[in-house]
Amino acid sequence: MAARVVKVVRPAPTTKQWLPILIGLGVASAHFFRNLFGFIRGRQDFTVNFPEQRFVQPPAMRGMPVLVQMANGKERCVACGLCEWACPTSCITIFPAETAAEVERFPEVFDIDMARCMFCGLCEEACPEEAIVMSRQVEISSYSRRGSLWRKQDLLVPEAELKPRLDYLRAQYARK
Amino acid sequence: MKIVKVTVDGRTLEAPEGTPLLQVMLDAGMDIPHYCYHPKLSIEGSCRFCQVRIEGIPKLQISCNTPVRDGMVVKSDDPEVHLVRRGVVELLLLNHPLDCPICDKAGECWLQNYAMRFGNREGHTIDPRRKRGKRLDIGDRMLLDQERCILCRRCVRFCNEVSKTGELHVFELGEHSKLDIYDDQRLDNDYSMNTADICPVGALETKDFHHKIRVWFLQETATVCPTCANGCNAMLSVYKNRIWRMTPRRNDEVNETWLCDWGRLNIGYPTDSGRLRVPIVDGAAATWNQALDRATQALTDFTQQHGAALGAVVSPHLTNEENFRFGELLKALQVKQVAMAVQRWKPDDLLIKAEKAANARGVRELKLVSGADDGLEQLLGAIESGAIKGLYLCGDDLLKVTPPDRLEGIFSKLELLIVQSLTNDPRYAHAKVIFPTTTFAEKEGTFTNHAGRVQRITKALDTPAGWIGDGELFTHLLNAVTASGETYSIANVWDRMSSDGAAFAAVQFDNIGPHGVPLAAAGK
Amino acid sequence: MPDRNAKTLNDPIDSAMRPRAEASPSQLDPGLDAPPMRLQFGPSHPATHGTVRIVLDLDGEQIVDADVQIGYLHRGFEKECETGYYYQNIPYTDRLNYSSAILCNTAYCMTVEKLLGITTPERCDFIRVIGGELSRMADHMLCVGSSAMELAAFTPFLYLLEARELVLDQIDALCGARITTNAIRIGGVISDLPAGFREFATAKLDRAAKLIDDAHKILTDNIVFRRRMEGTGYISPQDLIAHGVTGPMLRAGGVALDLRRTQPYLVYPQLDFDIPIGEHSDNFDRYLVRLEEIRQSRRMVLQCLEKIPAGPVNVDDPRIRWPGKNHVFGRMEELIDQFKLVTEGGLFPPGEVYFALEATNGEFGFYLVSDGTGKPYKCRLRSPSFSNLSPLGRALIGRQLADVVPSFGMTNMIGGECDR
């Protein structure tokens, strides 16, 4: 188990300067023809023709943060404020309020300024209620500054839709 | 009182004989964990958290109930002490509900803090936690969560010893113990919200602060409560230019460690939507410059026309410095009839004083008013008889102490009415100029409480841009009337206040400190 | 070569412009006294990636004076770190060397762990090495590819970027993001390897190896490429050491300094790998060293995937490492710990620590001063690009204008790291 120091091999100077050029041309031609006629053997292009084709992202993908919406239409969030405090860019604003229901606390205001959000995932990691998770959506441009402020209603996503992410998180953050 | 020496962890500390060891250690800045001990309540000894090793005694002793004796040698950094602390935390967390996300105490919770520092990392609870009542409405201002209660009984002792109302009690024994109120009496005494302060966890919560904001956002500023003449020392919790709550500050001479509920609830008015925010000139909103010009012009016109027929009402809510400058203004305007209106309410024998204003005594010490009723009746009579034709009215208390028809009669008789108030009350319709006044949270200054103690208030909120504070406002008018170039600052006002041979002569502003100084006996 | 005017060398650092070199007999035509032409190379220039400005005084094609000015990407990283908790600064470290973010995350977290005296579990160390070496590959591919592109060799650029895409796919699978990885935590990593990662990574790395070979075949022997790169950008090993240069630039000068070998950390002692060094300290050797390092990094990743043991990936330390969510949902102690760690940052002793690792460009170190709170009192980055760029100005004097492009490209100055 060791690290060896090895000197790099510099190609010797040669008079046959046309040979490497030919080899290089050969390599490029191989790529060219493979790309051109590869469809015959069912070869896939490396290029993904976005937006008609989409990338296949791994389960770990961190898109924009969203709020988990329970079956009864309410958010699971209890406005504990941990995500707001953990966020390095302070893009979350929460004002808690009281409910008469058994779960007595809910966020009256839950805003995320997507212009500041850097999709780092610390909010998801800090949440003790599985209430905020990173979705797979990253296309969130808007025509105005105001459009980058997402309010609670904009952020709610039904739990069923977020199930893959929730399952991934449970596996990711599980400890013995 | 004999002073004894004790040695704690190698440090030698001195204290009067008989002081609880825990208090001696806390005073020395040592961070000894404890729950049930409180310096202003009787000793309980139920939490067992403050145990330390005392040389010569085989078992650990609770330091709260160990009076110090000369030559005591104490070790708080002992393996058994650490074990005991971990044990106490573990047993408390055993049945504690997982409420941190919804509990208001998070961030200032003694259970969280001590668990982090002294507790076990891993939970090993197997059996389900005991169920008790949650969010119980036990008083007009208080909520109880029995599951979170750690049975330290601080609140029980408070209700028995301080408010002497005895509403709270720990019922049943052992595993079944639960804190509750009796069937026939709710926790409604005037000091009920103190139980939420002294509760180490979030079992007792105030309805006022319930689910309002997380404490780690709040910035704390030391100040004095403005509600009555006691001048209880307090801390304002501010965030986003709004006051979210007021909590007590310890001052053994004034309020020990308590605040009454009414002062605590009286903190919304600085940001209330009904508050006057722009000056009103002749019934319409105006700029500050316009208002100042109009006021100056009105005052000069009035003096030319009517001579010295101007009266004034001083506000007991403004600071000593502002009222001092007001006095100088009144002297320049040759105002003879000065009075003060103070609203009163029912006092008690704990903290609440009769005058519902923080600085009434300060006005009297400045010799701005005299007489049993601070000259109010004389002034009102003079207006009604026509001797006084103009009035510079500071503060809204006149509206509250005068019957409405008398008030209407007085206002309609006036040729000139200038008002400095919190609201644009319809009864001020006669006023030529209404200036918005600042509140206690928006300025630096001092109040003099009922006992003659001068205490500082600190600025916690910003006023809107361009807003002129009362002191500067008086200074503007003074400059306009006397054609001088005064400025308003605490420093230059205090120079005059303490050099005038007046009551404040003995006090230096820089020496006031966080707990105030008494006027009379100051350093003579 | 005209004499260097001593006055211009000793100009104060904060003068925005050095006075132009004086008119002197031109190399082209000794009878002509002409002042040198001042050419602004950057900061907005396709070849100055990372934004840097080189003010060149030219006599025809020959460089008479070169003033390298940095700071265009200064964003106040070190100051910003003082306002956040230790765990909040990790996403900011992504943006230092943004081409190889996991190495930056690792350096920061390992420095904090050194402050706390934490030893991470072995599986965590393996994952850090996997992520780090993948990042190194991505950075080198980008460097070599864009340098080739700037010499008009567009084809290998695309091959290397395709290889880089394959590596970024693996980084994406590891942590959920390709560039702003936020993959490492203080006392652990963001998550364990996903299922099937070994097969996934091996397949992609094999394809990447083919693409790298293709790029090598096009470039290495090519006469045009060699003429542009051989002999240009020479900096003597003594100068390299004097300026504090580390990394591939130093190794291309023949100095065998690699922190993975001299100050081993993580699991490098358990891995077999070669450290390529050059001899001639010119751009061509730097290119060869980087190309070989890509292959060695691939070798290391494959070894790690084979040797990685089972076990936890997070240290069980309540002072700093957030507890497992499954416990936070159900246990009181862990819930309190989570609350306290998020709102107060952790329990830190006061003190100071320095730790450096071998990043893509060399010694990448953090100097942290702790005042006992959950926020660093000072966080200073020892930036390899800053030192690597330092001898470049002097090295360019007397060279041709065309040499600026490969020399700067092979320095691999990353603006985020150099300017912080």
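For reference, chains read A, B and C in written order, and residue numbers begin at 1 within each chain.
Simple rule for what comes next: a residue touches a chain if its C-beta (ideal position, glycine included) is under 8 Å from a C-beta of that chain, and two chains touch if they have at least 3 such contacts.
Not measured: the values here are computed from a predicted model.
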Contact pairs, highest-scoring chain pair
A-C
Central chain, going by Cα centroids?
A
Here the gap between chain A and chain B, centre to centre from mean Cα coordinates and rounded to Å, is 49
Using mean C-alpha positions as chain centres, tell me how far chain B is from chain C in Å, no decimals.
56
Quick one: report the Å distance separating chain A from chain C, using the average Cα coordinate of each chain.
23
Multi-partner residues in chain A (2 or more other chains touched) are 82, 85, 128
Two or more other chains touching the same residue: where does that happen in chain B?
100, 106, 216
Can you tell me which residues of chain C touch two or more of the remaining chains?
316, 323, 327, 329, 335, 339, 343
How about chain A: which of its residues touch chain B in the complex?
78-82, 84-85, 95-98, 103-105, 128-129
Of chain C, residues touching chain A in the complex:
84, 87-92, 155, 159, 162, 165, 169, 172-177, 180, 182, 190-192, 194, 214, 217-223, 226, 256, 258, 260-261, 268-280, 284-285, 288-289, 292, 312, 314, 316, 322-329, 335, 338-339, 342-343
The answer for chain C against chain B in the complex is residues 316, 318, 323, 327, 329-337, 339-340, 343, 347
Across the complex, what residues on chain B touch chain C?
93-94, 96, 98, 100, 106-107, 111-113, 115-117, 119-123, 125, 216
Quick check on the complex: what are the chain B residues that touch chain A?
100-102, 106, 134-135, 210-214, 216-217
